[in-house]
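See structure below.
We call the chains A, B, C, D, E, F, G and H, going by the order they appear; numbering starts again at 1 in every chain.
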């Protein structure tokens, strides 16, 4: 049985981990719709003021953008069967941890993806996950296994 | 009306922000039960292996502790009327952002507390909050206002 | 049986309807905790900037205050057994209608209170209510009846 | 990714804002099902008595119609991913604010659309929204951005 | 907009009200999936013992059948957008009132259908309904109106 | 352990079954708050018009009363740990079956109480119950057992 | 009406009960998507270490595998209309009983399937089920009946 | 802070694990209400027929008892902050695993308690737990830690 699943890919936008998961799933013939936040950093930062008008104060500049991005993020997490959250080495990525908490409270199955060096800092997030991966290829293998039994 | 409220204080454990909020609320005569995660860093890290037995692998060392801490954290967030999340300057504090996402998905009112320098990094978390504070005293004023109208 | 109930009084802040309900319930010996939004108009408008700092832009001035007021409003509606929403003759009172929709989605019993002249404009809100009153005394009689059977 | 979304357009029925949003989204090639309340004012007012029989009392005339309209309204809000609420300059539009509160309690992403002159009166409703727009074209840009990342 | 709706038809199985609604909706070109309990009285009564084995005691005979019928009933009510409940002149039809209470607790829009002579006995059920009809044709008109605005 | 429970007694108001349960529980020393709908038939029928004004049409007479009674009924069912529903020999008692469906959808434990002669007519309601009793004394024994293990 | 249903088949993986149900449903022309846990015993036991790396300690070996299997199990139970749980004669099958409790708390209709010899041991699980079967063919007959009325 | 918690002790009734936990918690001065299923094996098996009348068929004998026990079990699990589930060496204890699944679906924190020899058989249940203990004393230490930080 190769049923249709929807998987949300949250977190880091500065490496190719999404592409590797999407490509790997395609190679394995999995019937998955992958969704994600807006991954264009500049667009994500500026969408609020670009659409709704400029702000002098950077707090409101950010606030306008974050509100609009939340429309996408929450809608797509709500529609997802599984949420994968990637933590990279740079930046604080609090939005990724926020998404993990949000998904956990909704009882969505959660997969985290990060280097072993981040294990201690991510212990609470990992504790809420059903699987903790180090590579995108492991995520693909898990998705393949849970969808197709292979 | 000075009704009884329960407020969960999530996040940073290396400064005196909790004490300042608790003391301020007491000075103002507010009828609040404050709750929090375990704030003893060493105890929080080692509770799993201390109680359930040692682990060679640091991942499972952390995993055991994080599970036990989650029993406290989720129970107390469930019981809380309001969740305050503090982000300090050090450490990654992903558990704080996780708590914020968890509280948001449960539609708990959320107050964040951090320096202006963290505004951009916390924009998604702040966007989910009803108030963004820079000092513990502002948190006390908000609690005083929402509970007593003063 | 005179059990303990909690009743949230939403809406108009420019007449004495709350006092009349609270006094009437007291006279009838009802065991009710009445809660309400902040009813000091100026405090309600300015709490955001008073506590969190001034804003040049009136939109953000209002936004800061509305966020803080929502902490009170949503917490108290969540704790309420019954929500009473009063619409007066002046102002647009969209927050009152918002509270009614919020309470309805949570399946809280809803009582509306307004002059007959507003009937047509309030038909969707009244349709979601279990009772539509014209005077605070009618609200008291309903509360007395549903709590004590008198 | 141009996934399929459902967007409910609540509120004012006396201007062409819905048509402008629907046309704009079509021009942008967005894959959106737009839904709305019944926008024929006379039909909306009289559907109750037209179908279920006349009423002497205008209160029950309105009540019958509001009940039937609620069947449509609540079903379509339940099915929607995003709720847009428009407030015009005329009428009290309490049903629009009611829909906003209803959507907020269900944690649906909310976009408001109104002139700046209504900002103060709508501050509580805007505070619950992820985005506050002044023109239908801004709504289209937000939908385009959150659906297609463009 | 003639969107797709699912409507569950609960209650009386000894008159042709379901056929009249289904036929009327078809004539009006409505895009509705109608669902219902098993309407074959004998099959409904005996399905438990027919499939799972005979019972000496009529209580358990009924119990086995009711359990199996509940699998159908609850699944289809869960999938429905609107629930129509018909009360006829004969029998006690407690299962119809049970379905109405079940649907109400789930906040499903509810339409009741019965003769005026049953009004007093059904007042609590009607009070939870968005519309109270006397004829199947009125139900069709409501469905037509809420789906197509006609 | 003799913990505190709340038990809602729904249904028939023309026999002394409530008194027998309440007295039996008292004799057994059980720590139970019993709640119920308004059991004064005339008051229950007329509360709407008595408080909110007379109606010429008996449908609206009933509708007003049923709305007010629902404020009591739904609030007390929400607060209850267990719901007991009694069906007598007379009247249609659709409100009792409605309450049973309402409680079932909320996953409240349900006890039904009726003569064996009603078994077939009540099979769907009984199927949703955890226990089916014939006498108030059996209800008391069940409450005693589940609360005190005796 | 032969509507589309999704049925999750939980429990025993050492007999052909799933194949018999799937084949029977196919022979009857039923429109059902059957889903199940991974039924390859070795794969199910070892998926964690195969994908995420070996563990010295058998507890963590099992823990890793169980987490991954839960991603499949919970997602598919969430998507299911009905859950069938099979208990065989061998092994403790605690995961099957866990799934039954999980489905019950979500109010999913539940069918159990086991030999009469297990009746006493399974009484709590059977009590939560809408039907208790002894053969896969009975399950097929129930599914046929609830879906097609035949 | 030594707040008040409620802990449900599910599972094995043939050893003194409950007493050891209750005594240990008392010795540590913890403010906990412990609840449990009926732990008198004979009473638990026969409560149904003792109260509601004898059954010839052992299936219905068990069914009546299980229904009554479920009134206690589900009510107390709903009221609990934490659920502890004990698996002993004897019997199949499917009700314990059912309770674990039920608690997990409600997102209650879960602690399991069993000998290491049961690890493989309980891997799915343990995977849903926040902590896996081997002795009642470990459970007490966890409760002490999560409640008092000691």
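We adopt the following convention: a residue touches a chain if its C-beta (ideal position, glycine included) is under 8 Å from a C-beta of that chain, and two chains touch if they have at least 3 such contacts.
Remember, it's a predicted structure, so these values are computed and weren't measured experimentally.
Asker: Work out the mean Cα position per chain and let me know which chain is farthest from chain B.
Answerer: In terms of C-alpha centroids, the chain at the greatest distance from chain B is E.
Asker: Just going by residue numbers, which of C-D, A-B or C-F has an interface where over half the contact pairs are the same as at B-C?
Answerer: Checking each pair in C-D, A-B or C-F, only one repeats B-C, namely C-F.
Asker: Look at both sides of the chain E and chain G contact and report whether the same residue positions are involved, with over half shared, or different ones.
Answerer: Mostly different residues form this interface, as fewer than half of the numbers used are common to both chains.
Asker: Chain A to chain C: how many Å between their CA centres?
Answerer: Taking the average C-alpha coordinate of chain A and of chain C, the gap between them is 40 Å.
Asker: Measuring centre to centre with CA averages, how many angstrom lie between chain B and chain F?
Answerer: 43
Asker: Distance between chain D and chain E based on Cα centroids, please, to the nearest Å.
Answerer: Between these chains, centre-to-centre, one finds 30 Å.
Asker: Residue numbers in chain C touching 2 or more other chains?
Answerer: 67, 69-70, 105, 107, 127, 130, 132
Asker: In the complex of these two chains, what residues of chain G are touching chain A?
Answerer: Per the touch definition, chain G meets chain A at residues 33-36, 38-40, 43, 47-48, 51-52, 64, 67-72, 74-76, 78-79.
Asker: Quick one: which bits of chain F touch chain H in the complex? Just the residue numbers, please.
Answerer: 1, 3, 5, 81-82, 107, 109, 111, 129-133, 138, 141-142, 145-147, 149
Asker: For the complex, give me every residue of chain G touching chain H.
Answerer: Spelled out, the residues of chain G in touch with chain H are 58-59, 62-63, 65-67, 69-70, 73, 87, 91-106, 116, 118-128, 132.
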